[in-house]
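Given below, in the form of structure tokens, are the structures.
Note that chain A is present in both complexes that follow, paired respectively with chain B and with chain C.
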Partner chain A sequence: MSASPDRASHESIVEIRTEAGPAMIPTIRAVAADLAGRADFDLDAISDLRMAVDETCATLVSIAAPGSTLTCRFTVVPDMIEVEAAVTMASGQGTDAVATDTFGWRVLQTLADNVGVLELPGTDSAATQVGIRLVKRAVTDQR
Partner chain B sequence: MTESAPRSGHLSTHVSTPSPGRVIVHVSGEVDTLTAPELDAALDRQLDGPATSLVLDLTGVGFLASSGLAVLIKAAHVAEERGVALSLVTANRAVVRPLEVTKTAGMFTIHDSLVTAEAALDRDGTGSSEH
Partner chain C sequence: MSESDPEYGHLVPLLREFASLTDGDPRRDALRDEIVTGFLPVAAHIARRFAHRGEPLEDLVQVATVGLIHAVDRFEPDRGSDFFSFAVPTISGEVRRHFRDLGWSMRVPRRLKDMHVAINTAVSELAQQLGRAPRPSEIAQRLDLPVAEVLEGLEAAEAYRSSSLDEMLSSEQGSATVGELVGAADAELDRVEFRQVLQPLLDELPPRERTILMLRFFGNLTQTQIGEQVGVSQMHVSRLLGQTLERMRKQIEL
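The block that comes next holds the complex of A and B.
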């Protein structure tokens, strides 16, 4: 593990695994908001994280293979939450499946302090995983 | 006159017509990928109708995703094209914050209550029955 001992001792990880469909997204974004509230995020930052996690999950679900799993991992460290979400892509999708020229992606970039597409090694050669990683800080920048 | 749209997911909309030409769409629940098409359809129906002013009451909306924001932005464009005065009613962070953070709030006339929204329309004479 690459995290420093100091960071590791102050981080907590929550991971949600569910069917890669839209039905559970309200639950996942509610978990995000709850974690942010408990981590003393300001109200705007809580709202932004909830919306960013929703957008992240909705984007991934739209390109996921039918019946595959959506994994969403929250790493809570002091003053920051990191979110890594991933799905197995539907066949025929390339690694550019996460469209970054959309309104939704622009909103995501505005909401998160940092956001990017993750290309992940699949569990087998036929199934490619794709993910989105974002970081949200507890204190909202004055925009 | 009040008519109800069918409920689905976590969104419900209903329409009231307080005076000729003025339509209020009351929305409650969460506007996300799942429910945004329903809101889009409800707004299209009203923008295709005879309304000269459309008030979108979002007081009961607890979450607005980018897909919901896109529906509102589209409605603002269509309303402008058709000369319909569109106003939003919300004082809720779940709606105000997405509008502010995406710098789209300026596209809308926003009131913090239905009373002030209607008073503003009465003052402007938009959609009032006194014409």
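The block that comes next holds the complex of A and C.
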């Protein structure tokens, strides 16, 4: 395998849009695991990504506006997958809706190589989008 | 087994009598109970041969007892065969079927089940060699299979129930080390301000699940390393972690 200078040609994007409810989370995490498997992630990394996506979606769904959409975008580049998931917040939720002092966040920090909260401009002026971005590398760190 | 058998000999005439009764005979039920109860040690003995494969022994004894009941119902003494030579394969067959059918939470073709076993073996061998979890391509190379088939097999592994034939926790092995590691992880937990929220949830977990969770999220071990410590496969660690997180999430929401 030779390294290509054209990184973009190795990038593939998969985006899933679904109702922001728990029903489709198993599907989304299965897609995550499938992408990681096809990208030849090691088995620990595949499993970590699956759980991280699960945790991410569950967190976002819990603060989403009723009937809103959960968007989950996977960007697969060699040896790395970036996940950006977002929902429209339920009214009354502040910008700190994604709590980072919880066990759930601890789980995400452990499972992903990098994780952060995304604040996104809403599609219409009233609604604010909030999201989580995480990066998982193909080979698990040995700590 | 003959009537002179010290343990089961007295049951031989009962078997003969039971077989001679018609379906509606009122004596049938009591006689059947007596025979089945008499042979229970045989069922338990067979069940124990299948222990340490990830299924609780009580479940196995129950399944073996069902096999024993089938054997009692179907046994035909007139055919001249010994009850044991009929009952033992019947009971073992029932237990085997239990593993084969109930071990999988959804229908998975035979070919994939065989591959699951092959992949599991390859994964643990490669993990030892590499010192980390293998990639699908590495498993494919080891098994001389196309990567696509390995991915298919890994996917099927997800359908396998949490307790499986080859992933039983080896009870004593390395338990001291696990204790030490959990101790360290506990100290780490002290620094987490939400300890009060988390502690009651952790306390409710089965010991093994709790250990695995602590090692992963507070001991920062990889799944492969945890598998080595606890004596289960990486795939099993993965499943247990996923289940535990889901369970805790549900409880937090309650």
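Note that the second predicted complex is superposed on the first by the 138 of 143 C-alpha atoms of A that agree within 3 Å, B and C clash if a C-alpha of one lies under 4 Å from a C-alpha of the other, contacts with A are read in each partner's own complex, and residues count from 1 in each chain.
Throughout what follows, a contact is a pair of C-beta atoms (placed from the backbone, for glycine too) under 8 Å apart; a residue touches a chain by one contact, two chains touch by 3 or more.
Please read all numbers here as calculations on a predicted model, not as lab measurements.
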- [ ] Superpose on chain A as described above, then tell me if chain B and chain C fit or clash.
- [x] clash
Open item on the list: Taking the superposition on A as described, I'd like to know which of chain B and chain C A:Ala138 touches: first, second, both or neither.
Closed with: second
Open item on the list: So in the superposed three-chain picture, is A:Ala58 touching just chain B, just chain C, both, or none of them (first/second/both/neither)?
Closed with: both
Open item on the list: A:Arg50 in the overlay: touching chain B, chain C, both, or neither? Say first, second, both or neither.
Closed with: both
Task: Partner chain(s) touched by A:Asp42 [first = chain B, second = chain C, both, neither] - done: second
- [ ] Pick one for A:Pro26: touches chain B only (first), chain C only (second), both, or neither.
- [x] first
TODO: Give the label of whichever partner, chain B or chain C, reaches more residues of chain A.
DONE: C
TODO: Answer with first, second, both or neither: which of chain B and chain C does A:Thr69 touch in the superposed model?
DONE: neither
Open item on the list: For A:Gly104 in the superposed arrangement: first (chain B), second (chain C), both or neither?
Closed with: both
- [ ] Could you tell me which stretches of chain A are touched by chain B in one complex and by chain C in the other?
- [x] 43-44, 47-48, 50-51, 54-55, 58, 62, 103-104, 107, 110, 143
TODO: Write out the stretch or stretches of chain B touching chain A in their complex.
DONE: 10, 30, 32-34, 63-67, 69-70, 93-94, 97-98, 101-102
Open item on the list: Quick check: in the complex, which residue numbers of chain A touch chain B?
Closed with: 22-23, 25-26, 29, 43-44, 47-48, 50-51, 54-55, 58, 61-62, 103-104, 107-108, 110-111, 143
Task: Residues of chain A defined as touching chain C within the complex - done: 33-34, 37-38, 40-48, 50-51, 54-55, 58, 62, 101-104, 106-107, 110, 138-143
Task: Residue ranges of chain C in contact with chain A within the complex - done: 123, 131-137, 147, 151, 154-155, 158, 192-194, 197-198, 216-217, 220-225, 234-235, 238, 241-242, 245-246, 248-249, 252-253
